[in-house]
Amino acid sequence: MLGSGLLQGLAVTAKNFVGSFHDPARYTTVEYPEVKPALPEAYRNFPFLVSENATDPMGTLRCVACQICEKECPPQCIYIEKSKDKKPDAAGKPQIYPAIFAIDTSVCMSCQICVEVCPFDAIKMDQVFEIATTTRFEALLLNREQLAKPNSYYHGIHPTEAAEVDARLAADRKAAEEKAQAAAAAKAAAAAAAAAKAASPAPKAPDESRRSPQGEGGPPTPKPQSERGAVS
Amino acid sequence: MTYSPLHLCLLFSSALFCIGLIGALARSNTILVLLGVELMLNAANLNFIAFWRYGPPTAPGTGVIFVIFAIAVAAAEAAVGLALVIAVYRHHRSIRLQDANQLKG
Amino acid sequence: MNAALLFATTGSVLETLPVTLRDLVTGWLPEPLRWLVNSLVGVGTLLAVIGLLFAYLTLAERKILGRIQNRPGPNRTPIPFINLRFFGLAQPFADGVKAITKEDVVPDGADKVLHFLAPVALLAFSIMTLGVIPYGRHLVLLEFDAAVLYFFAAGAATELAVFMAGWASRNKYSLLAAMRALAQLISYELPLLLSVVPAVMLAGSLALPAIVEAQGGWSYGFLPQWHVFTPWGFAGFIIFFISALAESNRSPFDLPEAESELIAGHLTEYSGFKYALFFMAEYFGMCALSGMGVTLFLGGWQAPLPFLEFIPSYVWFGVKLLSLLLVFIWIRATFPRLRMDQLTRFAWKFLVPLALINLGTAAFWSLTAGWSGPLQFVRWAVALALVLVPFTLLGRRLSAGVAPRTYRYAT
Amino acid sequence: MIPLLLIAGLTLATAAVALALRNLIHSALLLIASWAGIAAFYLWAGAEFVAFAQVLVYVGAVSMVVLFAVLLTRRSRDDISVAIDSPARGIAALLTGGAVLGVLFGAVISSPLGAPAAGARPSLSVKELGLQLMGPHAAALLIVGVLLTVALLGAVVIAAGDRTDAAERKPEGNP
């Protein structure tokens, strides 16, 4: 009969009206500045630098200033200057560190390519979006002090991904240690052999056994981010 | 001679009638002519009400009833008149009276 | 004192409270002056109440629309100085301040006088229509013998204001919208008037208090003798309500302001306070038409049940008025806008014939008022058939040739 | 008496200005004001029903038809302004109108109408009016009804014209 559709429509809106008072599924609006929206885990926006330690962020940056991200960045918003000296990294190995690491957030387009190409898992995507400032230049250019955030923060925003990264780093470190031990053993054996056989120089232990800097092209290591990206 | 309000009402209505008449004669736009005629009709209605109000008592409400019928007829007249204006406009592309000077369609 | 008597006395005191209060203020004045002051007090009170109703109706509308669309609606405007939000109850005043302080832009080449006159005229006519509605047993501002006619005469004049707005803006969208508005208003005035005629016929009077009195009492002890509880009254009320929606330019008949086609219609070139006046006039018109619907079909200020009569009549009127206004909002939140041809077709091919047939049904109902006993059932059956059969047949004709829509992507 | 003078003055002024203006829309709107003035006169004279009917019919309906006609019969926006016709025509019209006015005024002033009986304000309730219409004037009412219907149909037929081009267009599917 004519008009039954109208009544059905009225019923739908009435249900939504009543439901908005008791049913969270019918009342999805979050009153933003007071209540922060619950961001999905895969949400990502603007990169940050991972440091191992919250108490000494500058000393424990994973970044070794290899400048791959600077070269790959499509809008060229990253600026890196290598340090002259070396500092021991988390594993205790002396590494170059970035004396200057700056990202211009007015240029950054959150494409995540820097994260994809980083061989050291040193730069990751953040979840910030409230980056509006009152100045056009200084406040939008983030230096390494502002960019550095501890690994625990990374675990806070992307738990699954951070766990994978940590596991991988731990495995790498273990493999490196084993290799170093093996190398040391070989060295010792060689030294012994040399001692036995008079003198010959020890073979140099390759310390770079991890995935290739080309990212996608690198065959062996699993790539958690790109997998997650494909799923989400 | 004493003048009653009725005189004033009648003067009012005759003035209105003459304004309508002058408008209908002076303007050559069909719509304005029609409006002038409409005003003349209204002036006549004014008379009915004035006589009903001040005139000698007659059957109850004769003046009012006459005005009601007159208004109904005037509405019909306006509708037909303006429909004619539109028909004339469609035919001659003008609503000047002088342009509609032939019966041939 | 027993409870019933207590109720009765408090009821009668409350009932005459507005009049008593007014007489307290103006009672000492000499006669001609007293009449003038009484009228001024009445008009002032009416404007204050309706103005406040308008202010909070806009807020309620936005809140209800929000709730229906899964959001809270405006709730952030704090009350000045104490900075307390309180559900955004200060929102209408913030809106008012914003409207007043905005620049009033008049387009170059617009007809300045008419551009200014249009909102003023519209508001004036809407306020005029509010004058004759009986808001309570003793609360009628203008008592005319032909109050219904007065109401619709003043309402008809609003069309003129819409035309003035559209024409004076010198904007083709405005003019198109004004023509549309005229076509719509004229089309729907007919069913509106025709749906009112049965109520007038049954009450035997064009005076609104008499129409309300005619709906007093309860048949079978519980069913109020409001017109809406008769077959012809129900049909008439629905026709009246639909036409009222169209007459007040409310969704789904808000074609003159269809922003997807006509920007904002005749309001395109209006800003600041003039726009606020238009807005106010729209809500006043809505209130007036709702009040008319309440008076003609929903029993006016009559209480729905005998034992509820101790609640004063104006409260009942207010409750009914508010619920009708809420239905206006509910409908706005639900239905999409009609197309122009659908709009006029609906009026001329459906509402007008139904309203005409309804006239006959009402005549039958009034002629058979004396029937009793089993004949009552016959009366109801015939009247229901007279309403339902034309409705079904006309509805079938209206939707003839319209296949049920198939949705490819929605379920 | 003063209300009557005010009403008469306003009505006559708006009517005169309306018929002298170049802008057709302004003319129409001013004429509506003049019709409203006539309604005010009816109200003043105590004929409530007629006053409201006048507003309903003239301000509500006839004005709309006039405005529609004005807007439908123009080719450009400036077509709204119509030139005043030749002075000769205007003078002739004024002379004729003045002559008629003189005759009418003379007739009215010279006729002894007699003072109305004080307080004999005729009252006519809507109910009485309805009974009158339905009783002695029922035939006239029927005829007016038929006349209105015929006028409505005639207006539609005249204004619709030949719809050949419209008929050729295919009706759209989803109404």
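Note that the chains take the letters A, B, C and D in the order they are written out, and that residue 1 is the start of every chain.
As a convention for this text, a residue touches a chain if its C-beta (ideal position, glycine included) is under 8 Å from a C-beta of that chain, and two chains touch if they have at least 3 such contacts.
In this text the structure is predicted, and so the values were computed from the model without any measurement.
Q: With centres defined as the mean of C-alpha atoms, identify the chain lying farthest from subunit D.
A: A
Q: So, what's the distance in Å between the C-alpha centres of subunit D and subunit A?
A: Distance between chain centres: 82 Å.
Q: Distance-wise, how many Å sit between the C-alpha centres of subunit B and subunit D, to the nearest whole number?
A: About 6 Å, centre to centre.
Q: Measuring centre to centre with CA averages, how many angstrom lie between subunit A and subunit B?
A: 88
Q: Roughly how far is subunit B from subunit C, centre to centre by C-alpha average, rounded to an integer in Å?
A: Centre-to-centre distance between subunit B and subunit C: 35 Å.
Q: Can you tell me which residues of subunit A touch two or more of the remaining chains?
A: none
Q: Of all residues in subunit D, which are in touch with two or more distinct other chains?
A: Within subunit D, the residues that touch at least two other chains are 49, 53, 61, 68.
Q: Quick check on subunit B: which residues sit in contact with 2+ other chains?
A: none
Q: Give the pairs of chains that touch; include all such pairs.
A: So, checking each combination of chains, I get A-C, B-D, C-D as the touching pairs.
Q: Going by the contact rule set out above, which residues of subunit C touch subunit A in the complex?
A: 64, 67-72, 330-331, 333-335, 391-392, 395-396, 398-399
Q: Can you tell me which positions in subunit D touch subunit C when the two form their complex?
A: 25, 29, 32, 48-49, 52-53, 55-56, 59-61, 63-64, 67-68, 71, 125-127, 173-175
Q: Within their complex, state which residues of subunit D touch subunit B.
A: 1, 4-5, 8, 11-12, 15-16, 18-20, 24, 27-28, 31, 34-35, 38, 41-42, 45-47, 49-50, 53-54, 57-58, 61-62, 65-66, 68-70, 72-73, 75, 82, 84-85, 89-90, 92-94, 96-98, 100-101, 104-105, 108-109, 112-116, 120-122, 124, 128-129, 132-133, 136-137, 140, 144, 147-148, 151-152, 154-156, 158-159, 161
Q: Across the complex, what residues on subunit B touch subunit D?
A: Interface residues on subunit B, with respect to subunit D: 1-12, 14-23, 25-29, 31-32, 34-36, 38-39, 42, 45-46, 49-50, 52-55, 57, 59-61, 63-65, 67-69, 71-80, 82-87, 89-90, 93, 95.
Q: Spell out the part of subunit C that touches subunit D in their complex, as residue ranges.
A: Its residues touching subunit D are 111, 114, 144-146, 149-150, 152-154, 156-157, 159-160, 163-164, 167, 175, 179, 182, 186, 189, 204-207, 341-342, 345, 401-402.
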